[in-house]
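Have a look at the structure below, then the notes.
The chains carry the letters A, B, C and D, assigned in the order they are written, with residues numbered from 1 in each.
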Amino acid sequence: MSSDLTELYQQVILDHNRRPRNRGKLPQANRVAQGDNPSCGDQCKVYLNVIDDRIADIAFEGSGCAISQASTSLMTTQLKGKTQAEAEALYKQFHEIVTTGKEPEEISDVAAFAGVHAFPARIKCATLGWHAALNALKNGATTATTESHKD
Amino acid sequence: MTPSWKNVREDFPILNQSVNGKPLIYLDNAATSQKPKVVIDGLASFYLKDNANVHRGLHTLSMRSTNAYEGARNRIAEFIAAESPEEIVFTRGTTESINLVAASFGGSQLKAGDVILLTEMEHHSNIVPWQLIAQKTGAKIKYVPVTADEGQLDLSSLDKLLTSEVKIFAFTHVSNTLGTINPVIELCRKAKQVGATTLIDAAQSIGHLPLSVKEIGCDFLCFSGHKMAGVTGIGVLYGKKALLNAMPPWQGGGGMIATVDFDGSTWKPSPERFEAGTPNYADAYALGLSCDYIDSLGRKAIAEHDSRLASLAYNELSKLPGIRLIGPSGARSGLVSFAFKDVHAHDIVTFADQDGIALRGGHHCNQPLMKKLGLTSTTRASFYVYNTDSEIEALVKSLNRIIKFFC
Amino acid sequence: MTPSWKNVREDFPILNQSVNGKPLIYLDNAATSQKPKVVIDGLASFYLKDNANVHRGLHTLSMRSTNAYEGARNRIAEFIAAESPEEIVFTRGTTESINLVAASFGGSQLKAGDVILLTEMEHHSNIVPWQLIAQKTGAKIKYVPVTADEGQLDLSSLDKLLTSEVKIFAFTHVSNTLGTINPVIELCRKAKQVGATTLIDAAQSIGHLPLSVKEIGCDFLCFSGHKMAGVTGIGVLYGKKALLNAMPPWQGGGGMIATVDFDGSTWKPSPERFEAGTPNYADAYALGLSCDYIDSLGRKAIAEHDSRLASLAYNELSKLPGIRLIGPSGARSGLVSFAFKDVHAHDIVTFADQDGIALRGGHHCNQPLMKKLGLTSTTRASFYVYNTDSEIEALVKSLNRIIKFFC
Amino acid sequence: MSSDLTELYQQVILDHNRRPRNRGKLPQANRVAQGDNPSCGDQCKVYLNVIDDRIADIAFEGSGCAISQASTSLMTTQLKGKTQAEAEALYKQFHEIVTTGKEPEEISDVAAFAGVHAFPARIKCATLGWHAALNALKNGATTATTESHKD
């Protein structure tokens, strides 16, 4: 197997893909957003329960490739307990990782996504769940898409 | 006489390259086929020697260009056994051809209460144009169901759906996801009995099967050059002459008018009426060369070659653990779609690409069909004249490794 | 730095041939320009190495193809100084671009009583699409007059015509018959004052003049690749992002949808919304190469070269007995149209062709303008980067012989 | 000047172009037809006065190239006095001449049009007036066009 592939499908990603965290509906959600990747058919729905500008709880449903499922799962673990500003900062860091391949200074599971940068067509898989979550935070409820020209 | 399939590979220089360090195995032919050297060289040579705008020119280059363009029209009329070249309208591809018919024929003929009959296996390009015109005219769209197991049209429902309210029945010749080959002659015959106009989406059949509009008996037929060993940006709408000449123009502009006045204009007959503006004459010329190339191999021989590869692939793939094969188990066109419960199509495509294998994963512009099949995506391997048995072996080997990795 | 115009000829292999025993003198550039070797070779090389269908593919060739296609979109956005590549929609050419705006923007925005303002010098492609949509919506078409002597827009009437009823003002940048260069910045500014949306037909300017949509301030701009050293079958609609995203789709099909269901569909934003079906990605890629080629010469230098040739031709032709020169006597783009009372344009074109000279004779898709000028046809010589002073001398010589023969 | 050109623009043609015969309106016409060549803008209008299936009188108006003007002019001289069947036979002969270049056996002015066959794009110029006349004979009054794919 090529080294690019083992970089892409790291153990963390395979694990989140096989045993997604926070998967399912969230009955107490007060924010919901849909994420669509029209060209390839990936879809996810992110539920948030936001209390006092803090993500008290988060869950997701959806179907898609290992990258999109794992990144959405990992994203939920990262965002729980965070404020909107913190969530945006985390996304910025994540986006940097998947587009440049530069790993963050602190040790973190998100570093597993550095291998995505060698597969530019898969960047939108990795960011789908994040887009939906941020949209839900900002706008309450909308459909996010990763198919704009500026990623 | 069957062509020497081995030599055929040499006609396609693009195949002679490595991808990710492995020899390229191109199995994405249902998306677009590769183009033989004669077509690429012919196109370049046209630009290097004969290029000028067509029709309105009386100088030598313009006459050569016009002859190349109209010669291609003749060639294509012959290729599909049309009655005359006036039945051949050049478009950008299948999608534009269907939009033309939906907007012009549909827009002028459909009214509230009329039915547009499609099938559940249609490509988005044979659904959305009809949804747009249905919305404008108030016509209703109905779908002939597809059987869930074998991916065939449910012909028993067809008789109930094909009523006198059906103004147009539009269906695909070959499904780009299922590989199903539809009984187009029978479908046209039945449509005729209720007075419905027929449109065939031949995107997946034109380069692969012997095809005669005379034999099929359809009213319209649409296809793209790029899927039949042709270049991009050119396609065809075939329409019966009387139908075309009764249709209003769709796009307006130079070349399609008889007279233009500040107050109004009058139109030329088909095909000019539907070819507003400078046509894509160079790519049309190249499409004629693609017809020549395909006929030099023989369409019967191509069909046999494709379907032999498809059965081989179907049989070999069926041995993979956990695979779900989509579409007919028997006769099928040169493609196989499949899905695994635990491995997503995109991951398969990315893995296979590392082995130099080009596959397609996704909804294949068949979202409604996918939903019906309970899937969000499949992986598709689709074959053409240059593919070989050993390429299918390589595919199976690669898939085996992928399954092991993920499961 | 001005390019060495002599070396430029070597970039165009088609010029190096004899027609009717004489060296080819190609003066039909307003109909279509010739294509430099880098563009032809680049297109062939794309098919020989990188071809695959775009967007939905995740394998290596498909990613290369997508990068080539989207790279061209970026290149073209830069070429015309658009704000973002999302403002660039690929079409077959100017005619399709205008039809798209007329059908989608016009179809959704126009109502009875609204005015579509055009000018008397428009090409059929910027008249007929508006006539078609005017008929559907009940909007009225009005025309800004052209002065009979100098072939300029009558700006004094413009102020009377440009009322708040004008919803769209569509006009050409450069007239393909008169050679007039319109004051597009001023026209857009005036249109903005009454809230009219502007569309510029840049078919004749894009390959010849420096052009920035930012500077011009237009809402839409349309052009064809084949007139700007590009291949046939590809063109561009530029539109401001907010306008494009507010417009309904025109054609439906694969690639432009967000979701498709049996009951209805939703759309992607621009540009995908307007690019249904497999786009002409190979020719789009080649159009990016044409932009590179043009910029390697420099558009300011090209404009100077063209207009120098045009004045030379204008001056030399004016000495011919009985000639009537059409259009401005001063600044003009790189073309000259003319007529003789006793020699018809077609006879001139046939004669000149025997001298190896490619001219165009006819109404140039400007029937209404012709009528206004009291002509049925003119002969046109139009220039591009490879034309030379001595070619114009040859033209004048040939015309002298023709006049002698007929008069 | 090339020999093809002198073949095309024979004296007969130049003469008919300079001094067209039967040019103008025909007040007593009972059949009229318009001929259009949309791509190039050539136009003509042919007037017929048909009495007992015979063309008692004929005239034409229009504008166009030397070939179309001369052929229409010559056509009027040829058709005067003829029946519809005779007119059709004459057109058949003329069409043969302009498409093949074979001159007719009897000496005739129409032979001057044999040079047209070397200029295929001009065949429609040569046949425009004939089309209009035959249309007028057959249908009373319509617009003829030479822009169909079968010439």
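Keep this in mind: contacts are C-beta pairs under 8 Å (C-beta built on N, C-alpha and C of every residue); 3 or more make two chains touch, one makes a residue touch a chain.
Bear in mind that the values here come from a model prediction, so they are computed numbers and not experimental data.
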Tell me, which chains sit next to both subunit B and subunit C?
A, D
Comparing A-C with C-D, the one with more C-beta contacts is C-D
Which whole number of Å gives the spacing of the CA centres of subunit A and subunit D?
76
Can you compute the centre-to-centre distance for subunit A and subunit C, using the mean CA position of each chain? Integer Å is fine.
46
Per the C-alpha centroid definition, the whole-Å distance linking subunit A and subunit B comes out as 37
Multi-chain contacts in subunit C: which residues touch at least two other chains?
20, 56-58, 255, 257, 259, 346, 350, 361-362, 367
Of all residues in subunit A, which are in touch with two or more distinct other chains?
39-40, 122
Every touching pair of chains is listed here as A-B, A-C, B-C, B-D, C-D
Footprint of subunit C on subunit B - complex, ascending:
13-14, 17, 19-20, 24, 26, 28, 31-32, 34-35, 37, 40-41, 43-44, 47-53, 56-62, 92-96, 98-99, 102, 120, 123-125, 127-132, 141, 143, 224, 226, 231-234, 249, 251-257, 259-262, 264-265, 276-283, 346, 349-350, 352-353, 357-362, 364-365, 367-368, 371
Of subunit C, residues touching subunit A in the complex
55-58, 63, 66, 70, 84-86, 255, 257-259, 268-269, 272
Given the complex with subunit A, which residues does subunit B contribute to the contact?
20-21, 343-347, 350-351, 354, 361-363, 367, 370, 376-377, 401, 405-406
Counting only contacts in the complex, subunit D reaches subunit B at residues 36, 38-40, 120-122, 143, 145, 147-150
Mind pulling up the subunit A residues that touch subunit B in the complex?
1-2, 4-5, 8-9, 14, 39-43, 63-67, 69, 119, 122, 125
